[in-house]
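Labels A, B and C are assigned to the chains in the order they are written; within every chain, residues are numbered from 1.
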């Protein structure tokens, strides 16, 4: 199924939390500032409904997204008020992918965990938690995974300041 | 240690007199917590698995990562698009060509640049040779984990030639940075394709040695069959990919099922097959199945290389690109079939010289998550076999 | 004849006349008036131990070199090539390196046991080694319970290994020690029972006598060919010996990919090399037992021919009743000694070949194999051999 087909199906099954789709487009020749958008199409979903949304995607027999390939976050810029949550789903049966994006406010970065739906997201969520400071409600094991347990700050946020030292080891 | 055990001994282990005539003794001792790593011969790098053992039986396991974390994703947000390429070499250092390829394809997906056909074919040759090399290490070191030293050196004998082939084409033996955004760095030197063809011929002769020496060795089969079984459902739930899902009997390969470059064309030509485990020696999805898939895939890669050599065309090897790359705003996720599974690159651009986000979805990272579930209940020796069969490269789990 | 051999021969207990120790007798004769008896005893003992130690070191060094060459050639490489011709000095270089290494004892280790363990292991193997006959007339100790003594002494090393594992105060070493204990207990039984088969055929536990009994059929009267149950018994013995000497595929106590280095994890330098020497000496002894009790010991057609030609008696009664060295018989003894050595090293080579070919067996499989297959099979072999011998005696008188 192509992206349009998936989108139609999502609308048809009333997937919870679906906001809209975003597809790549050419630059508008009349608008000088508009540079268009390249890359993949994706759907935008409410962050609070994300777990239910992916559950619907997994359980629908025509979408059949058996695998969660990736779950990550993005901090678009220093001034941005919201983080993006990016999820990649994959259907082995129908050989299609779906990119999902959700927005989370930086100052209250908390959303339900996807672990009950896909256990694959367990380590990805731990990584997002330590790198972006996102709290996944209901995560079974919300420890740091790559960073030391006592690491201060969230390194992949754009406003992160590099530490001067760590336990007496100079970082400069 | 003696003291430590005595101190933590639960009361039930002490002698307890129930009545005058009989004495009951509970001889169970407390579990031993043991650090499997960070420096351990079988973790293939600096990874730590905290294991809880009852004698030889593993009752719990918890992988601890991050000893090799080098902030690849953060670096990606601070260097220019092309400058990031050498960093991709460093996460899965056994399959650097594939990493270069994955990143290049992701950036190219945003750029929309045309890749010359010669460049595409050279890319496939390099990626497949690298896959052979990676599987050789995986299989060889797996033999080492099981306790067979010799197959390891047999594997490295062929890998040596593969690396010298890469040395001839790009000057490096491990971290190539050869596949660039828009094509490949330079054309193959004269006589290189002929040598690759010779390598394929010799490899086909040597390949049965691995099968005879290790894969069908009765002790090897006894050690790996029915050990570390990953069921179909588990493989899907944990988002496993590559040899891990094929080892669980799922017929899935990104090269065929979501073709990139000209893998689709090669498939339609019938040049290669996807080996899928059938649980021949034990339960479907055991360690033996995974290693079988790897050994079989080497031969399929040889066939793909042969196809590319036969269909080689003349022409440029890199597309037209400006010196300082500015990538159009947008975001793209490209997953390719790395030797270890799906290597995904998710790149976000705001139209500038530097990426906003470079996300690496490492196959080892995702494949490793399954350890917590399949290790308990195995023996310590099995734990080594299971960790080895997931074929992780710690550089990539930690990035 | 090398000086070592001469010394060994002097130190050897030879049953001539009174049946006492020839070396000690010589000492008493020459120094008896100057030194007390206990000093002479001590001197004889120290000399004997020094010779056995020297022999063990030589065997270990040669075996290590051989192992590396065998491993190299099996793995499509050469092995050591730079130190001497084909690296034959490599073991000496390694020995020097090991001697010069820092003597390290972990802080939390049990110091006394930690230091005692390698010594105990080495002492046990030195004791076991005394039963090895260098030649039909040259040996350290002509023990009537030879096989029993060797098995008893070589299983003493297990205590040292368990001690090392416990004293190191590391979890990996305890794993190694436990595995060693379990494995040795499991494999002592089939080892002993498999050896019972040739012992039954021979009717003696003495290594030298057992070898002598195989000198018929022009030196080819090996026990191997004298009883149909001997071949399975040999296979069982060899497998059990592999497990007993902690060699791959039964190297579980070390299992470098599982237990880091097992009971050896905390050892380094000279202490570590003691364990190493023990391993190779144990391999040598096990192979020697196999050679003596299955493969004819000293006997081969060449030994037989040398015996016929040069005569066999090394010591003869002289004109005035004193014992005299029969120089003529020396070539026969040299050929016999070399034959045994060759057979022993053939066994060692087989062990190396297996080590560099096979993967390691898992711990439960080792136990299953020992208790469920090897032990019953060995018992069946012993029973069969006993019936065969009894039947032979009944039929042939």
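We adopt the following convention: a contact is a pair of C-beta atoms (placed from the backbone, for glycine too) under 8 Å apart; a residue touches a chain by one contact, two chains touch by 3 or more.
Small disclaimer: the values here were computed from a predicted structure and weren't measured.
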item: Mutual neighbours - chains that touch chain A and chain B alike; value: none
item: Far-end chain from chain A, centres as C-alpha averages; value: C
item: Closest chain to the centre of mass proxy, which here is the mean CA position; value: B
item: Centroid distance [mean C-alpha coordinates] between chain B and chain A, Å; value: 24
item: Approximate Å spacing (C-alpha centroids) for the pair chain A, chain C; value: 67
item: Interchain centroid distance [CA atoms averaged], chain B/chain C, Å; value: 46
item: Residue ranges of chain B touching chain A (in the complex, touch as defined); value: 65-66, 69, 71, 73-74, 77, 109-112, 236-239, 241, 245, 250, 252, 257-258, 327-333, 335, 342, 344, 346, 348-351, 356-357, 359, 361, 365-366, 368-369, 398-399
item: Parts of chain C lying in touch with chain B, wherever the complex brings them together; value: 71, 74-77, 166, 169-172, 174-175, 178-179, 248-249, 251-252, 255-260, 356-365
item: Chain B-facing residues of chain A, complex; value: 24, 35-40, 42, 66-70, 72, 74-77, 86, 88, 90, 92, 95, 97, 99, 118-124, 131, 144-148, 155-156, 158
item: Chain C-touching residues of chain B, taken from the complex the two chains share; value: 1-2, 32, 34, 40-42, 55-56, 143-150, 153-154, 157, 213-214, 217, 219-220, 222-223, 379-382, 384
